[in-house]
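Structures for review follow.
Paired with chain B in one complex and with chain C in the other, chain A is shared by the two complexes that follow.
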Partner chain A sequence: MTSNWLTTRAWFLMLPLLIVMIAIIGWPLVDTVRLSFTDARLVGTEGSFVGFDNYVKILSGTNFQRTLVTTFWFAVLSVALEMVIGVLAALLLNQQFYGRSVLRALMILPWALPTVVNATLWRLIYNPEYGALNAMLMQFGMIEGYRSWLGEPGTALASLIIADCWKNFPLVALIALAALQAVPRDITAASMVDGAGAWSRFRFVIMPYLAGPLMVALVLRTIEAFKVFDIIWVMTRGGPANSTRTLSILVYQEAFSFQRAGSGASLALIVTLLVTVLAVAYAALIRKSAGAS
Partner chain B sequence: MSALELINVRKRYGTVETLKGIDLSLSSGEFLVLLGPSGCGKSTLLNIIAGLAEATEGDVRIGDRSVTGVHPKDRDIAMVFQSYALYPNMSVARNIGFGLEMRNVPAAKRTEAVQKTARMLQIENLLTRKPSELSGGQRQRVAIGRALVRDPQIFLFDEPLSNLDAKLRMETRTELKRLHQILGTTIVYVTHDQIEAMTLATRIAVMRDGHIEQLAAPDEIYNRPATRYVASFVGSPPMNMLNATVIDGVARIDGSLDGVPLPPELRKRAVGARSVIVGIRPENLSLAPTDDSGFNIEAKVEVVELTGPELVVTSTIGSQRLTASLPPKSKVTVGASQRFGIDASALHVFDKATEKRI
Partner chain C sequence: MERRSLTATILVHLAALVLLVVILAPVVWLFVMSISSTPDLIAKPLHWWPDTVDLSRYGVLLSSVANSAGEAFVASLFNSIKVAGMATVVALIVAVPSAWAVSRTPSVGWSLYAVIATYMLPPVALAVPLYMTLAWAGLLNNVFGLALVYLTILAPFTTWLIKSGFDSIPREIESAATLDGARLDQILRLITLPLAAPVMATAALFAFLLAWDEFFYALLFTSDQRAKTLTVAIADLAGGRVSDYGLIATAGVLAALPPLLVGLFMQRALIAGLTSGGVKG
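Let's turn to the complex of A and B:
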């Protein structure tokens, strides 16, 4: 069989998938690009060509800039928290103790829950009238009265970050746990004989084994956090006073609430571009760290 | 004062006892080899000495202090692992100096110590490399360097040569012997390789099922094995073990018409008719002279193997096997009956019931 025939056959076999991909990804993307250069509305008008007007308006508007900052903080803080808690949980679950397997299985639970369920649970916890968080803080004497954690611009984003972290830290913990189990026992034993304490052992001996897998977790989680929509939509809908509005919420509002399909499409493409830049940068980072190790 | 003392060390995992009361005392500068097959408890014992495992019972003393419950870093020991256990992210220099770094030795002093050790092990040109850029032998040298640089009271080696090929293993073995002679360090070395044990040790502890079967100098282990187990474990090809019955001072080999007259001192100890095992090392057998003089035994030759320096002849006496190591140019015919001469002074006799040396 010639390699030409093999190549032709490969393309032939992939053709159905290619057609599906073009239909569900390629065509909508092309149409989104077309829409982004028009002033089309969701219902009614097809819109006319407006050039880069949509992009200029979005990028120079304070709405976009403020939302970008909110998204940035949400992504950085939630991912950082997930990383720290995930690694700590993995370190704990890597110890020998009775019931470890059960605890490992239980840990996955928050991650396995649908986001909407998780968001609803946390709405109940944060509830200003009967929420568990208010009750607990009152009992510990840390607050004087029940507060609306999701209703105050000062606390809403932090509350969302905690809820998002609770849902997603198990993924980081699972990846870290798998990496920890790959650390050869002799290496940790050698470091103990060499005189490394718990912190030095973690920093100099274990961390290099964790770095690669954690980088993958970091990439996945940052991209996801940057695109976050569902948990915020269920818990705050971007409020109060747009204090929890992220880019995906802004896209939704622009395209569907305000029915501005043209500028909504431009915004969606800007978000796509930002996420792509992030993904490429991280991929380069991963390649670099893989090369170094 | 002993450099290392183990007092009734026991280790249990649930109901399984892997170490059954080990007592051992090691003088400064000794090279002790813990020799035994997989699962005999030798690595567990080494880990207990290192502090990487806790004894269920008993005490470990290093120098003049008990180290039971003391963290490995505070035991003044260094260890070389079978897998080398080098830190993959660190350079060779940092790997060697890591123990000093953790003990807050100033950088200048550390560099000097690393350089000195690297010179001794002839790995100065490798100091900037990462472990992944080294060959197996080079990695082993770095692992030894990491232990040497700290100048501890005791060095522990856990099957350090197992991952090397035969030639490199021999070279590194010689190197270790040289280092021990130069530095006079106290070493506890675990291996299942009896050649390593015989060549390196000043004393060997042959272990079996969690206890020490015999603790003695290599020469004594080889020439006066205390039990049948020690006799058959040490030596390659292994010692021939022939079931026999002692009648009037002659060991009558089962399945043969031949008998081996026991030397006078053995005869005294094996008074009366009793079942014994006669041990004959393959190298103590020779082709019997044609005139049938001396003690000899007839066997049917089954396999002849030329290894180069010797001809290994495997024969049978009834259902018992007899292996002889002969000079390479010996004339032996496969399938023929052959009489083998026996060096009676090199006979080993073990009680069949207790398996202990008579």
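Let's turn to the complex of A and C:
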């Protein structure tokens, strides 16, 4: 069998997938690009060519700039929190204690909970009149009166980040734990004989094993956080006063609530470009770690 | 094993207890809300455990009485099963041959990067044309239309996962069968696919759950009981004027049950997938 024939056979076998991907991913993506240069409405008018008008308006508008900043803070804070708590939890789960295997198994629960259910659950917890958070803080005497955690611009984003973090830090912990279990015992033992303290043991002996998997988790989580929609839509719909409005929420409002398909499409492409930059970094990391091992 | 001082042992156990509470408390609270009576839920100070266990909301949501909260919930439950089921089956049909081809033919290996790239695309990049096309084809608010859209997520995902499964089956087995005079279809049917069955089952299960959890497209493309999925139904309950918080919690428990059970029982496969980067966060 020649390699030419093998390649032809491979493309033939991939034909069904290619047709599906072109029809429902490739073509819509191209059409989004076309729409982004028009003033098309979602329903009704086809729209006419307007050049870069949509892009200019979006990039110079305060809505976009403010939303970009909100998205940035959501992504940076939630991912940073998830990484730190995740690694700490993994270090703990790698120690000996009673019930360790049970706790390791339970770590999967927040991750398995559907995002919409997680958002609904935290919305109930934060409820201003009957929520568990208010009740608990009150009983411990930590607040004077019930607060509207999701209803005030000052606390809404932080409350969302905590809810997102609770769902996602166990994922980081499980990835980090798997990496920790790959650290050879005799290396840590040898470093202790050599008199390394806890911090230098972590920094110089364990960290090299953690770095690769953690980088992958970091980039994947950052991409997800940049695309965030579900948890915010269910908990605050971007409010109050647009203080939790992220890029995906803004696209939804522009294209579907206001039915401006043209500028919605250009906004969606700007988001896609930002995600692509992150994804390229991810691909480079995978290739690098594949080359290293 | 390293020796620890008594203090260190106590600290580790304390930290483990804190982690246990952090992980469990919200999930347990969701369940407690679902079995608490409304007076218990709105009491001040809050009753952390109900005086009497009230399972009636499960009955309410799972009943099929016309025009009840149950009717809408049961309809969305079936819609979710239909959409996720159809999308999973079609995704597997297109993914298995492609995954095998990519795994066995190095010259087309680069196409896997294209598959991964589409998987990273934000759904908003496709939403507007997909909406217009579904409207044009009369497939808005339709389970078939939504299942078709879900292929944008499920097809790349299953191809990626199953390809890594084929990678772990030595190709020498296939070469040996070729030398013995077996045809390609016989090799696939009798050797490779049976060996890859566990991976395909895992991929199918995760693909189903991915579709089960999906919210964005379902919110955009469905509008009533004919196609609304569970996630949209729950978001409606949470964002609506429903005053019975226990009912919202009950809907959440029911929707969370399948993925939670799969998560607990398929831990090993799940973590293997996580560490190879093949499972979405």
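Keep this in mind: the second predicted complex is superposed on the first by the 281 of 293 C-alpha atoms of A that agree within 3 Å, B and C clash if a C-alpha of one lies under 4 Å from a C-alpha of the other, contacts with A are read in each partner's own complex, and residues count from 1 in each chain.
Methods note: a contact is a pair of C-beta atoms (placed from the backbone, for glycine too) under 8 Å apart; a residue touches a chain by one contact, two chains touch by 3 or more.
What you see is a predicted model; the values in this text were computed from it and never measured.
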> Putting chain B and chain C on the same copy of chain A, do they fit or clash?
Replying inline: fit
> Now for A:143: first (chain B), second (chain C), both, or neither, which partner does it touch?
Replying inline: neither
>> For A:227 in the superposed arrangement: first (chain B), second (chain C), both or neither?
In response: second
>> Output check: A:269 vs chain B and chain C. Expected answer is one of first, second, both, neither. What do you get?
In response: second
> Taking the superposition as given, does A:208 touch the first partner, chain B, the second, chain C, both, or neither?
Replying inline: first
>> Let me test your reading of the model: by the given contact rule, A:189 touches which partner, first (chain B), second (chain C), both or neither?
In response: both
> After superposition on the shared chain, which partner residues are touched by A:200: those of chain B (first), chain C (second), both, or neither?
Replying inline: first
>> In this superposition, which partner touches a larger number of chain A residues, chain B or chain C?
In response: C
> Shortest C-alpha to C-alpha distance from chain B to chain C once the two structures are superposed, in angstrom?
Replying inline: 5
>> Show me the chain A residues, by the header's touch rule, that chain B contacts in one structure and chain C contacts in the other.
In response: 189, 192
>> For a test of understanding, state which residues of chain A touch chain B in their complex under the given definition.
In response: 184, 186-187, 189-197, 200, 204-205, 208, 293
> How about chain C: which of its residues touch chain A in the complex?
Replying inline: 1-2, 4, 9, 12-13, 15-16, 19-20, 22-24, 26-27, 29-30, 33, 41-42, 44-46, 90, 93-95, 97-98, 100-102, 104-105, 107-108, 111, 113, 115-118, 120-133, 135, 148-149, 151-152, 155-156, 159, 212-213, 215-216, 219-220, 231, 234-235, 237-239, 245, 248-249, 251-252, 255-256, 259-260, 262-264, 267, 270-271, 274-275, 277, 280-281
>> Taking the touch rule as given, give the residues of chain B at its contact with chain A in the complex, in rising order.
In response: 47, 50-52, 71-73, 77-79, 81-85, 87-90, 98-99, 102-103, 146
>> Using the touch definition from the top, list the residues of chain A that touch chain C in their complex.
In response: 3, 6-7, 9-11, 13-14, 16-18, 20-21, 24-25, 27-29, 31-32, 35, 42-43, 89, 92-93, 95-100, 103, 105-117, 119-125, 127, 129-130, 132, 135-136, 138-139, 166, 168, 170-171, 174-175, 178-179, 188-189, 192, 213, 216-217, 220-221, 223-224, 226-227, 229-230, 233-234, 237, 247-248, 251-252, 255-256, 261, 264-265, 267-269, 271-272, 275-276, 278-279, 282-283, 286
